[in-house]
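Remarks on the structure that follows.
The first chain written gets the first letter, and so on, giving A, B, C and D; residue counts start at 1 in each chain.
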């Protein structure tokens, strides 16, 4: 390999990573702002309307306030792990953004196994939550950490299995190629409409959103794993949660709703196509963010045992059935993937 | 020995102060020395009553001002109600009197993430300890609002054997909101007063360091 | 109104008949503290009486300034067969306040008894959870006893010979002075309203009871 | 050689207080254990002292795999400042100890030092969700002691305001139940209803929450046409927020799955434990003081005692919903039949009833609320005792909880609807 090529690759990687890390913070702010305003409107309130026009900068202010708070560590806490946990959770969320295809030709790391990479890296955040719960020396945190471990490990399985059907259809493990396949054959939801609800429910549970937010159930275990965290470290958890919501919506859109594709419109090459693709991608993604917020306003929380039984008794068998049926159909009709690997 | 108190003999030479016995040497700044010339070079002007003011001042003061603005507009109250006032506090947060407009909505359940403690309701001697503990668990900067007459003075239960006569006996308080209980509008007004305190750095938090360690009086002293 | 109940009680407990007292909707008997379980069980399980619901259990301190210092544990009972409350006053020695527990009859008496222990210092023998319920475990006195004075109340208390409302420097009494100083003060409420309230008609019912809208 | 005169000391205000107390004690004598002695507080967690009772020893001894979880006094879902010590094995609750008294304000003692008129202001903050009911029972008891009765119009106004109070109290219970189960919106809809209702009540009593509306022998203000107009407007709108909540809760699969069959309280258990009100009726016992011992104008009104047979959390919730309907129905009847006349009997400023005893019970939103007042002829009640329903209802928690999960504990407690102001007095 040429040294210049290597340096170019490293430079590209560093640039992309920096840009994505910089992107996480405004993304979190936007998602939080959507949550603040949408919940307020649904509850017949105004919501924040003092900071900036229509209160647009309220979430930014919240974020900077959190960063300026005192950072406390409990006496009995295990300091190295206590300090490390928020960082682990945040990095898991930020790193998984590397493989998201934003627009035609706009992806930080082009990889042929980006699906595997994505689910592997996103699954790392459970380590952070478990460590946070254990290191805090607080019983609420411990319960929250253990709940998160049980919940996320359980839902990882149906989440991943529900995607395998699409992988069989497209014959690829790369998000970019899957979008390319969808451009030719129609959106994934049309082919895998049965896998979509499984993926949606499992994804909601995976990122600890209502109605599966046992991990930080306010009314039971005060703030769950984050009970003892304050200041910037709490801010990391806070950001990571909302960034994860954004990422999950993005992947959902990529897998089932054609990513940056616009129906019946062929994106032109060049900068215009990129901009249109970006717009299409963000509109779809934020629609699913809105759906998640809507669910949070409406639904109460399910119980821990109901949650687990749902994962193992319903979602997992359904995902397996979906997998077998898809595989059988692909075999019987001898479907050939378009951009196949 | 002298019957009248004698002024202590002062020694102005540096380092000769008796620090151990509480007589630190006064710090004397000789005239014309130091960084004054440097400051003048940067365009700072001397104020007739001492000190300099000018361009450089902007950096610390404006940064502080922005930080205070941020803090004032994002005050997260602790989700903690003691009694009757708690219901009006919740009413303040709900649809009719939406305190979320001022960025105060996420009522945090954990004191580690709260900025302002709204003591809503009668404080009893049994609850005083846990409440002080909550207050101490909150990270700086933090503020305290005493809501209702019971928390400001004991109110209608002032004579009781188990009621603390005002929450300021056990912790510093920034804003007192009268009323039994105050209307939600009253609490909103109090919180806006707290905004002013935060912006002007007049809250107990900014002066906390100057006053030294507070004496927490709850242990056996309150009634 | 409560005539049937009065008859049934005097049949059932002839020895308590002279402590029987009624008002418009209450029938009251007094027992010795040691007999409370026996009497309560009798009125609960008796088919004719059937007082199945323990409405209230409270302690009253007839304090040291009384002729006969004592505690009373007062039970109020409800039955759907009689249109009256049954009040049973159990007498407890003030020097050695002990009385058997009734948690064997009604489990729900537990918090009542813990409260009485906390506030009055009455010990319920046989209660398996007699802890302080309101005050801290290391609190040492019993706030609702009559000899427990409120802190800033000492100067105002009846022991100091003052009724707070009648202290001229705290209240403007001009509105009430006429009533307080005249001879009519002793007969508040005004005679027009009092007439008839004392006279009992047949069956333990009073005239006030008849006039009630029911 | 110090510069500071040791004689000169800045007096500590707390020491001045203490000196004042000592002076008073020297003058008037200190009762054994007056309030100026040390009143500390328990440390959180396992008590640092040997167990005092059998039950405490049983509760605070842990077996292998068990852990104590302390909830409160500050916890989002303990409805105030109750403290629950849960003994848990994993997520399953094996035992539970409610620790009360964090809001004990000594109201009974204060009432014994207040005149009869002032007592009615002291009892307001007890069960602060139903201040009207708190005043109702003492008002009836004092009228019995004093031997007067309120005019008919006053009785109608009383019944009207207590039923209004019951509507918003039950409406908020629906919201709190949802909040403790993670639904954040029903509480806001409940508060819309509550704010409307308290503004209505404030327009007649002058206060939004602790109304101080009842007087011995009547009520403070008369209702006028404007109030009746507002009431009819309120009556037209009140169903909306409640219907929204029903749509969010009763018709929600997650909600019904989490409440049905949870925390079943049998009728025998409920009677033995002294549970009352909607909780008792949800277990199938038709005991309602308004029917069992009619007071005020309830004998003249048409209503049936609502019961439900199941006795679980869902039944307790539906019971409240049904009682809201019932209260609205009662309000319609009261407004239709309200007579004209005075609203306050002739009562002097300082009431001195003859020596005697009176017992009065009413049906508050939380159940059987009774007052036992003893007069010795003076201006203060000699003994003033209040029996609060939520205090007694709390005893069922150690019986109901074992075997449930932590999440269910919160839901069951919210369905019992305790208000700590009433529990701790």
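One rule holds in what follows: a contact is a pair of C-beta atoms (placed from the backbone, for glycine too) under 8 Å apart; a residue touches a chain by one contact, two chains touch by 3 or more.
All values reported here derive from a predicted model rather than from experimental measurement.
**Student:** Counting only C-beta pairs in contact, which chains form the busiest pair?
**Tutor:** C-D
**Student:** Please list the single chain whose C-alpha centre lies closest to the global protein C-alpha centre.
**Tutor:** D
**Student:** Relative to chain D, which chain's C-alpha centre is the most remote?
**Tutor:** Farthest chain from chain D, going by C-alpha centroids: A.
**Student:** With chain centres defined as C-alpha means, what is the inter-centre distance between chain B and chain D in Å?
**Tutor:** 35
**Student:** Between chain C and chain D, what's the gap in Å when you average each chain's C-alpha atoms?
**Tutor:** Each chain reduced to its C-alpha mean, chain C and chain D end up 22 Å apart.
**Student:** Could you give the separation in Å between the centres of chain A and chain B, each centre being the mean of its C-alpha atoms?
**Tutor:** 40
**Student:** How far is the middle of chain A from the middle of chain C, if each middle is the mean of its Cα atoms, in Å?
**Tutor:** So the centre of chain A lies 66 Å away from the centre of chain C.
**Student:** If you look at chain B, which of its residues touch at least two other chains?
**Tutor:** 79, 94-95, 109, 125-126, 159-162, 223
**Student:** What positions in chain C touch 2 or more of the other chains?
**Tutor:** Expected reply: 134-136, 143, 148, 150-153.
**Student:** By residue number and range, which residues of chain A touch two or more other chains?
**Tutor:** Within chain A, the residues that touch at least two other chains are 43-45, 218, 222.
**Student:** All pairs of touching chains?
**Tutor:** In this structure, the chains touch in these pairs: A-B, A-D, B-C, B-D, C-D.
**Student:** For chain C, which residues are in contact with chain B within the complex?
**Tutor:** Contact set of chain C toward chain B: 134-136, 143, 148, 150-153.
**Student:** Touching residues of chain B toward chain A in the complex: what are they?
**Tutor:** 67, 70-71, 73-74, 79, 94-95, 98, 100-103, 105-106, 108-110, 112-113, 115, 137, 139-141
**Student:** Per the contact definition, I'd like the list of chain B residues that touch chain D in the complex.
**Tutor:** Going through chain B, the ones touching chain D are 1-2, 5-8, 23, 78-84, 86-88, 90-91, 94-97, 109, 111, 121-122, 124-131, 133-134, 156-157, 159-163, 180-181, 183, 217, 219-221, 223.
**Student:** Under the touch definition given earlier, write down the residues of chain C that touch chain D in their complex.
**Tutor:** Checking each residue of chain C against chain D gives 23-26, 28, 52-56, 58, 60-61, 74, 76, 78, 80, 83, 85, 87, 106-112, 115, 119, 128-145, 147-155, 157-160, 163-165, 175-176, 179-180, 188-190, 193-194, 197, 208, 211-214.
**Student:** For the complex, which residues does chain A have touching chain D?
**Tutor:** 39, 42-45, 139-140, 143, 210-211, 213-214, 217-222, 296-306
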